[in-house]
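After this come two complexes, each holding chain A, first together with chain B and then together with chain C.
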Partner chain A sequence: MIRFLKLYEKFGIFIFIFAGAVFLAFATPNFLKMGTILNIIAQGSYAALVGYGMTLAVTSGGFDLSVESVMALASVFLAILIPVIGIPLAILASLIVATSVGVLNGLIISKLKVNPLITTLGMSTIIKGVALLVAGGKMIVILQKQFMVIGTGRTLGIPNPIYVMVALFIVFYFIVYRTSFGRHVAAVGSNESAVKISGVNVDAVKIGVYALVALTAGLASVVRTSQALIGMPSMAPGFVLVVLTVTILGGTSLTGGRANLWGTLLAGVFVSMIYYGLNLINLQIFYQMLSVGLVLMLALFIEGLRLRYLKAAKAKGIKV
Partner chain B sequence: MPNVRDAQTMSVTGELLRTEGLTKTFPGVVAVDGVDFDVRVGEIHALVGENGAGKSTLIKVFGGVYIPDKGKIIMDGKEVAFSSTHQSQESKIAVIYQEFNLVPDLSVAENIFIGREPKTALGTLIDFRRMNSRAAEILATLDMPLNVKSFVADISVAERQMVEIAKALSHESRLIIMDEPTATLTEKEVRKIFEIVKNLRARGVSIIYISHRLEEAFELADRITVMRDGRKVGTRQIAETNKSEIIEMMVGKVVKDYFAQAGTSTEAREPLLEVRNYSVADAVEDISFTLYKGEILALAGILGSGVHRMLQSLFGVIPKKSGDIFFQGRKVNIDRPRDAIRLGIGYVTEDRKNAGLLPAMSVLHNLTIIIIRALSFLRGLFIRDGEERRRFEGIRTTLDIKMSGPGQRIIYLSGGNQQKVLIGRTLLTDCKALILLEPTRGIDVGAKAEIHRMLRALADKGLSVILTSSELPELVNLPDRCIVLYKGRKAAEFTRETMDSEKLVAAQIGQSSGEGRAHV
Partner chain C sequence: MKKGSALVWAANRWDNFGLPFLVLVLLLVFSLLSSPFRSAYNLVSNLSFSSLVGIGSIGMVFCIMSGDFDISIGSMSALAGVLGASMVTRIGSPAAMLITIAVATICGFINGVFVTKLRIPAFITTLGMQFVYRALAYIYTTNTPVYIKDDFWLSIGSGSILGIPSPILLMALCFAAAVYVLRKTSFGRYVIAVGTNRNAAMLSGINVDFIKTAVFTLVGFFVGIATVVTASYLGSVNPGMTGQGYEFQVITIVVLGGTALTGGNGNLLGALFAALFLTYMQSGLAMVQVNSYWQYVATGFVLIFAVGINRVKSAVLGQRDT
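Here is the complex of A and B:
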């Protein structure tokens, strides 16, 4: 049992993906085609992209509820700036805007010691307001068609968002597992006071974490905005829940200290599979939210069971 | 006060509670060993002993927290058994632990009547008016100056103590057990608590009073019982004993030089760290001392002496009020742990679980967290795995840390091995001075001796160690010098030659005047 639970922590997401794949394979003959699979993965890219950032935040013992508003803000900036300064600079500028929101989150959380829930929830509302103000309350159509290539183009037959997803995965893998910053993030999530007496600048670590989450939200916004070719001041409502689902389902512990970046990537794909499956059986879009909520609760339920079982096993003196 | 018996009508020698051969064992240790103990009606019975003597376990048996393995508890001549705190309460026993059992967000009155709030006529709502007036009544009978509507979160420790006592009285308790009630109180507050305790006695309530401060026991108690190593050493009438007899009973025989040999000679020592006129708010006042190169210095003191806060401040965990620190002859500022680490000072917390370990992480990562940035290329950008492993292996062999592998999670190591990891963590920084708070708390005997040997070996290589401990053998035998603080001030100093366990205990509990005052 213990062995199973340990494996679950690492590979639990595979069970979900496998179950989903088997279901879809039977439900539709189209599923087992390369094109379909690639599409599913490409659609999973936003959740995975922001999921990387969220994984970092959860590992540090916090989380960020402002991601969808940051995405909206970046989207609006893209739409306004592209005609003015061109695509590359507009992307850079909107990423800087997004990251600054994250830095602000980090400053409030670390220096003013406001808890992450209140900080990022409040920030989310403020930023949504700012996005609407800047956009004048409406969507902004982007006329520069070449911008679409990021979100809808293909390279060597593979959708471009997948490249973004993989490239950022590599970057985050490096950050989480290969840098001292990544080690500090996990340590802060594991025991903040212990890290402090080890001389680590905890405030800087937290600011870095929230800056990176916002940066991933900015990148996801670039991909999303490019697909729609519209700057959306109310982009992706409820998306934050999807991102949290992806992070937790992927096996990153909500108690902090342990990241599972592979899990986040795969969970992003899994959530995309759910969407695809629901489309397939012609269910309304509302069911998507419902099902993501259910999956989140299921993932948390299993996580709770796991922790309880390990604790009981430890109390009985079983070696774990 | 309803139902509290009139002291006048009762014989003072009437027995309230007695134990026969009470024994409680935990894996590997007999915490209470065949104790015969008795409390009379309307007496204050002081219970004293060193840390680990078994006092806490004994009162937890009375409180229904622990169920004894052997022996009887007899109350009013009848055998009773408490298998829960509730049953103990039913028998009119109240235990006031050091960590209070109060809800900070409720008022004084609500805390006193928690779970038994007076109800309105319909029996559904709490009758706040009646509750507050009854609470005020109880507080008034004991002359406690407290507003029943204040939130417990807003009142002082002494006042919380009063709320606990009032709660006990509202339960019509006949025996109130107080565990070090005055450890963190000011002189004035102590006086107030004393008055209340005497007042309780006058009302026929019996009190078991645990304290580390002998003078309090002698001022307050009618009888005194000394425990040591789980056994009762003896019970005396206060009038028929004196402090030195009690200290002798407490200390027993501490085998000297049980640990590794003494360090280098005391001549030609080179000072490493000098603390001058150092004060920390609510902790220590005007403390000066010098830590020499390669010496093990102990700062000893009971709860409330300020030693822990003194050492925490020295590492920048809590701020100082005034005073200077000189390190290698240079005046330095230590405002936060980072400053201390940069100077070459290491620190091992007494609160291993909450402030030391990174529970979610592996042994390897726990150890190297302190140097991981320095271990990487380009200011932390690329961790040098090989170097990290090499440094880890070095510490692992030096300290002989036992584990299944570097990837094992730290929480699955034994307490002794966890402590070694924390010490190893500081050693990785090549520190020159090491501050250790309670270095062997919660560690089994074998690992204790091992850590002592290790510290001595490190000191022989030139590391300066400054530690505090609440365990007598550790204080007597490990350090080269021992400075005793009492209520925030220096009370005595012992060298290896003048060290005497009885005098040390005496100094710690505020009895350093007279011949006990060695080498001040």
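Here is the complex of A and C:
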């Protein structure tokens, strides 16, 4: 069982993707075309982008419920600023706005020691209000058509969001596995007090984590806003669930301490297969919600099993 | 006097007097600012209105006290509401209301089973279930609101018994029952024990899984009652809108009421006052014609402020952090 679970942790997501692909291939003849597959991967990019950040937060033993609102805020700022200061500066400014919300989250969580769930839940509501106030409650249309390139353009036949997704993956891979910050994040997640004693600035690590989550939300918002060409003060509710599903399905342990970034990337693709794939066979949006919810429950079920076996194995003295 | 003893004095009295005092200040400020606010009609109708979140928060007090959260209650309310409301014409409104309460209770039970059997943090499990329930509500109604045209159901929100609006009576009844269960029954003591120290509770022979499942079931039960009242006020249940943000309001109320996030320490009367505070605050902000989006900002601040207050309180009294 232990061997199976270890294998699952590494390759489980491939089983999901394979099963999904077989199902879709039978259900719709359009699925097995290069264009469709690339589209699916491109659609999965937001979930994966924010998933990288969430992977970091979950690895640190925390959580961020405010990503949806941060995306909305960044989107509103983009739409307002693009006509004023141009596209590159507007992107930069909205990323800074997003990141500063994350820094605020991190400050409240680390300095005031408020539970991450409550902090980000409260912050999510505050930021939602701020986004609506800034936008005056309306959607803001962006007239600068060239902004669309980021979300809908193609380079060498591959949709641009896929490049963003891969580039950010490389950056996060480096951060998580190759820097001392990444090691500290994992250490904080597995044993915070031990890390504190060994002299690591735990507060700074946490602030960094939440800043990065918010930054990924900002980037995802840039891609999404560019596809819609509209600044949206309220994102479709439920995106945070998609992001969490991606993170947990990808094999990042909820107990903290272990990130699985590859898993997050692949789970992002899988979840967009569900979303986009079910679109292809003309199911209504509710069924997509239902299936993401069920997939999350399944992923949680397997995670629960894994934790139980790990505990049993530890009790028997088996090295895992 | 010892240094800091004024702080200790204040911290000791915060739970019983601090929040009622805040409610009074709030009422006073908004009464001065707005004449429609201070009308007896507005004050009473908001008191009834506070039952929507007040009744819903009772179960959550038990839940947070046992060391967990349930963030699926908004969707649960939508699902239970649409199922009950759609049956009014077939089985009559009393039975349909019972269906609503029963569905919410079953949803709570399912949450409890998942949380205890999966051993995954409850907020993630219930986040998943939030989507499942919402999706089921959509699928059942194919995304159309269900209207209630039954006089008896509609009279729950607007009716009164002996001159007291029935939602207020219902809320008082629910709180009295909950206080009794918490203080006088072994179940109440077990919930406190599980929330204070799960392992110790388990070792002393308490069936922790059973207590947790019961607590989540209780959350569903009270959400069901609140849904009946909400549906009566609105005259309809909307699969998409009903219960949107409900979990956030209820958790804010419970935390503002002084229930510690670390578990073991619940405050039902505090939750009642917090429900009044939030309802009057939202009504007051609307009446002084603040842009309605400020409501989000204000409510979010209240939540973080509430946690901050609880932390300061426990730091002063040398208790565990929240």
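One rule holds in what follows: the second predicted complex is superposed on the first by the 313 of 320 C-alpha atoms of A that agree within 3 Å, B and C clash if a C-alpha of one lies under 4 Å from a C-alpha of the other, contacts with A are read in each partner's own complex, and residues count from 1 in each chain.
To be clear about the criterion, contacts are C-beta pairs under 8 Å (C-beta built on N, C-alpha and C of every residue); 3 or more make two chains touch, one makes a residue touch a chain.
Quick caveat: nothing in here was measured; it's all calculated off a predicted structure.
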| item | value |
| --- | --- |
| Which of chain B and chain C A:A194 touches, first, second, both or neither | first |
| First, second, both or neither for A:L290, with chain B first and chain C second | second |
| First, second, both or neither for A:G256, with chain B first and chain C second | first |
| Partner chain in contact with A:E303 - chain B first, chain C second, else both or neither | second |
| Chain B or chain C, by number of chain A residues touched | C |
| Which of chain B and chain C A:A167 touches, first, second, both or neither | neither |
| Contacts of A:L117 with chain B and chain C, given as first, second, both or neither | second |
| Touched partner set for A:A186, first chain B, second chain C, both or neither | first |
| Common interface positions of chain A, toward chain B and toward chain C | none |
| Touch list for chain A against partner chain C, complex | 63, 108, 112-115, 117-119, 121-130, 132-133, 137, 237-238, 240-241, 244-245, 248, 254, 284-287, 289-290, 292-294, 296-297, 300-301, 303-304, 307-308 |
| Residues of chain A touching chain B in the complex | 178-181, 183-184, 186-187, 189-191, 193-201, 253, 255-258, 319-320 |
| Contact set on chain B toward chain A in their complex | 315, 317, 337-338, 340-342, 347, 349, 354-361, 365, 369-370, 372-373, 375-376, 380-383, 412, 425 |
| In the complex, chain C residues that touch chain A | 69, 114, 117-121, 123-125, 127-132, 134-136, 138-139, 142-143, 244-245, 248, 251-252, 255, 261, 291, 293-301, 303-304, 307-308, 311, 321-322 |
